[in-house]
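The same subunit A turns up in both complexes below, where it pairs with subunit B and then with subunit C.
Our next item is the complex of A and B:
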């Protein structure tokens, strides 16, 4: 971003400008500052629901507890695997749909509307819809599977991970499609034309023009999908509650359960902070890389 | 001649892929809609029936059965999403103006808010619960509006800054030379010019606030429960009445679906605005 063309305000106007920012800043300081401070204090304290306002100093014990909890590592592993697999599948499927459907979508723009409907639906409600579809008695999926002789419990230990990934992919491939379509349609036609004239076949046009020009968009789309999938909560809570056992407990679900079901406040807060640190690290690494790819 | 045949075949294949994708991606909604229109006998029929006489009895059921409390959830969702949207615009629009036109805050506020989009919100869940308990905001619509606003601010601010930067400068420059105050310019020049963009941001904010689940689950118990959480009570509390559940789901997804259909043009922009450029 260049400073050219931007009006720089001075003196009185600048002060007035800060008044326009003040409400937003105040809101953020209160709604983010307080929780962060609470997280920090409680993470090094012994605290219980009966003595919320008198935490006792405990040092790093909560963090030790978290790092020694096998379920924590299982949840971290689940979220990571879930997010990586879902992201790769969504970006690949979204890109494939862009390549196949672009001639259609370019001519009839409104067609995109029906492809992106799943994005508008709350993941929690999507989860309940799948409970309806997967129900043993009224669900169409077990009934049809039964008819072709497959007797599989899609939410049982063997299939549940795959089922959850497929549900996530079916809801969010439209996001990848939408983001990648915009980037694809922004590729200048002259570039493709020039490569054709130089004797390039479809494959080499893709390899030397389309692919390199799509890389930044592919990276950004994957990044957004990864962070969103990593913190998955809603549909898993509705569909499996993190089970069977703790098999499908994601990081968000782990923190939720530690706090609301086991009432281990210190543990939950320490896990929250570890998650925060991981998010900040990821942000630092990937944003700088993404921005370097992106011509400003 | 042969070539034309081939392009026509390719075109046909594209339509086929499109229709299959639409069907597969929207299957949960389609199945839920069909279930909601079936009698209980038809719902339980095996193999599943696709052709049947539709009935609206389950819709009548969810709006008349007092034990379901569904109208209450619907009112909650509507007022929470509306309140959150208004709060979001009220906070983000002036700030976006200061950032886009006066160059104030672009260096620190924009990156800070963008990063917020990346944080897993669950890390704020526990402190919010404790704070709301102390402040008496647990299970209130106001409390949920604040959450909705917090969730929407990153996207709203980034989109509004982008839109305002694209507006022609001549008009507000002229107003400034004429000595108009900043608030006057915002009200008389910027808001009328940017109305379509503001509407787009408002619609997205409404959808996201409507769809929120995690905080609603934690922070509401009865009075302020929105449809997303209320719908889960349908399948846990008193055995499953699939017809009523399906009808409630259809009504619950209708507002965001219709808004999304109406504003799908803006969505392409919103999807990419989330992480680019700090």
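Our next item is the complex of A and C:
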């Protein structure tokens, strides 16, 4: 085929590609584009429930208000700390469980169904369950603690953060276990065998074979869990309502309360957009690093 | 044959079209409500209407239930969007100002003679700018619930009285003597709470004196604000300016703080709301609680509360410098401004505002704010008589409590005050934050 012919064929192929992409683009424009455009308008407007169709231009005032609101920074700090600690704990525990339980799970795969049960329960229901279990009059956990002489208020200012992290970790470690187990079982057996023939002990095999091959899965699992933990809402809303005080107000709860309870629609949308920008930046950095580390 | 087939197809199409447009038929009225005891009681009232007066009116009413969680947010969005899928909806004292632009006044359907049957405070609490926006169906206020057996012993036992006075002297700086709960001031309440707490009285029969509700929640502020109003405070001053940074606010906040710091209420009560306080009392480990009237039926039910049922005394909330006070709010049924069936919905509202309808509702579990009905049902529901009396004698709606900004103001107060009770900020800062939050909420358009 001549160069001109190749150019024409390439152009036709390209146009066909656009046509094939068109439904997806139309879907994205409808489902994401319209809400995003509305959000952009509301974020620079004064708007209320009584005047949703007639927002007044406010410039960057909502963004300034958000950035000057100490509760916003407190919520951002809470969400970040919560997400980092919960993610590290979930991935570490999940990986440890994979290493310990893999021989058993290879023989009895049905056990996985039981191990992942916690993540099948809705987070709001988890919140209600723990609200009952932590009740200091009828809850089972304070009763046990009392029996061993510990008088701890697990939802009090000193313990509430740790309590919420533990609840999150207990619910979502099974996800890490599931994702990492799949990656672990996909490591070619011949690689491990070759390492052992070369005289590698368990530690060396883990260090030079398992760990490098597990890194992408660990990274992706951590990334998914981080995003999910950062936007934590349900169990905190049910269990503490963001308190004591505003101590456990997460970013999602901050936005929800600003929007619905305080009717600060512009401010809530501005906070959402700031969160979106932060998430996109994080996604970009994480994906770049993950793709760079991916084995050829 | 072809003719028969065509006729059959036409008949089928007509039936399908009729079914499709049935919701728009005159006579069908939809009530948007939340699930729970109110909707169960309301269903009994609706059944009575549909089987009786509804036939005369040629109106049939049905309920459409949204989930309770976030109900008001969803209802507001639907009202604001001009939804025609429902004709009537739940309205409350604290949302009435916010919803009023999307509701039709019900004065044309509920005449002054009919209104006169209701407790005036309940009508006021569902009125905005001089117009009535809902038929009041439930009234909510607060009681002091106490263990009669424990208080009886305190009033009779000299050894307990001596300890009581010593604790009051040591903790509150006043040598108080025990009184009947109906005569309590806030200081008496504090003294009794301290006496019945093991942290201050090792011989206390209960672990804690009380179980306050201090979670960051608007309903907890409604309960707390009796300490504010009974001591002469309010949301707004006479000129309509915020005055939540007043000495009365500080007094009210410190009553709670003293009790939590001295472990007269569980330290966990900074995360408590309605159910946790009930559980504390039901377990028999708490001597008295400040709680909503709705809790009485459960607390006095021997199957649900075997430890305390039959031993519960009711009294007004403790008195401040202005005497006893209790927050009052009403639930009611309002009329959607966008409804296509306003006249039919109005017929149901007119029926609902009668003593007969309110009796059906009250017998089915509601708390209708109609003194004659409350009195008539008091043999079955003993707390009803007190509800009528307390609402008229001690009931208040804070200044601004029905305004469009009421909900954001409650939220701002809950944020600031729960932070103080949790020890996150000092009282002055909490009050300043509350004042700023209230000012900002009122400034919103």
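Here, the second predicted complex is superposed on the first by the 266 of 296 C-alpha atoms of A that agree within 3 Å, B and C clash if a C-alpha of one lies under 4 Å from a C-alpha of the other, contacts with A are read in each partner's own complex, and residues count from 1 in each chain.
Heads up, the rule we're going with is that contacts are C-beta pairs under 8 Å (C-beta built on N, C-alpha and C of every residue); 3 or more make two chains touch, one makes a residue touch a chain.
Just so we're clear, the structure is a prediction, and the values are computed from it rather than from any experiment.
*Asks:* Is the number of subunit A residues in contact higher for subunit B or for subunit C?
*Replies:* B
*Asks:* Does subunit B (first) or subunit C (second) touch A:24, or do both, or does neither?
*Replies:* First partner only, subunit B.
*Asks:* Considering only the touch criterion stated at the top, classify A:113 as touching first (subunit B), second (subunit C), both, or neither.
*Replies:* In the superposition, A:113 contacts subunit B only.
*Asks:* With both complexes overlaid on chain A, does A:68 touch subunit B (first), subunit C (second), both or neither?
*Replies:* neither
*Asks:* Now for A:245: first (subunit B), second (subunit C), both, or neither, which partner does it touch?
*Replies:* second
*Asks:* Using the superposition on chain A described above, determine whether A:260 touches subunit B (first), subunit C (second), both, or neither.
*Replies:* Touch status of A:260: both partners.
*Asks:* Thinking of the overlay built on chain A, is A:136 touched by subunit B (first), by subunit C (second), by both, or by neither?
*Replies:* Only subunit C is touched by A:136; subunit B is not.
*Asks:* For A:202 in the superposed arrangement: first (subunit B), second (subunit C), both or neither?
*Replies:* neither
*Asks:* Under the contact definition given at the top, report the residues of subunit A touching subunit B in one complex and subunit C in the other.
*Replies:* Residues 52, 124, 135, 137-138, 260 of subunit A touch both subunit B and subunit C.
*Asks:* Under the touch definition given earlier, write down the residues of subunit A that touch subunit B in their complex.
*Replies:* Its residues touching subunit B are 1, 3, 6-9, 13-14, 16-21, 23-25, 27-28, 31-32, 34-36, 38-39, 42, 52, 97, 100-101, 103-104, 109-126, 128-133, 135, 137-138, 140, 143-144, 147, 170, 173-175, 178-179, 181-183, 217, 220-221, 223-224, 227, 230-231, 233-234, 237-238, 251-252, 255-256, 259-260, 265, 268-269, 272-273, 275-276, 279-280, 282-283, 287, 290-291, 294, 296.
*Asks:* Along subunit B, where are the residues that touch subunit A in the complex?
*Replies:* Interface residues on subunit B, with respect to subunit A: 11, 14-15, 17-18, 21-22, 24-29, 31-32, 35, 43-44, 46-48, 90-92, 94-95, 97-99, 101-105, 109, 112-113, 115-116, 118-131, 133, 146, 149-150, 153, 157, 169, 173, 176, 181-183, 186, 207, 210-214, 217-218, 227-229, 231-232, 234-235, 240, 242, 245-246, 249, 252-253, 256-257, 259-261, 264-265, 267-269, 271-272, 274-278.
*Asks:* Which positions of subunit C touch subunit A when the two form their complex?
*Replies:* Answer in residue numbers: 69-70, 73, 76-77, 80, 98, 101, 214-218, 266-268, 270-271, 273, 276, 279-280, 283, 285-286, 404, 407-408, 411-412, 415, 418-425, 441, 444-445.
*Asks:* Over in the complex, which subunit A residues touch subunit C? Could you list them?
*Replies:* Within the complex, subunit A contacts subunit C at residues 46, 48-52, 71, 124, 134-138, 153-157, 160, 239-247, 257, 260-264.
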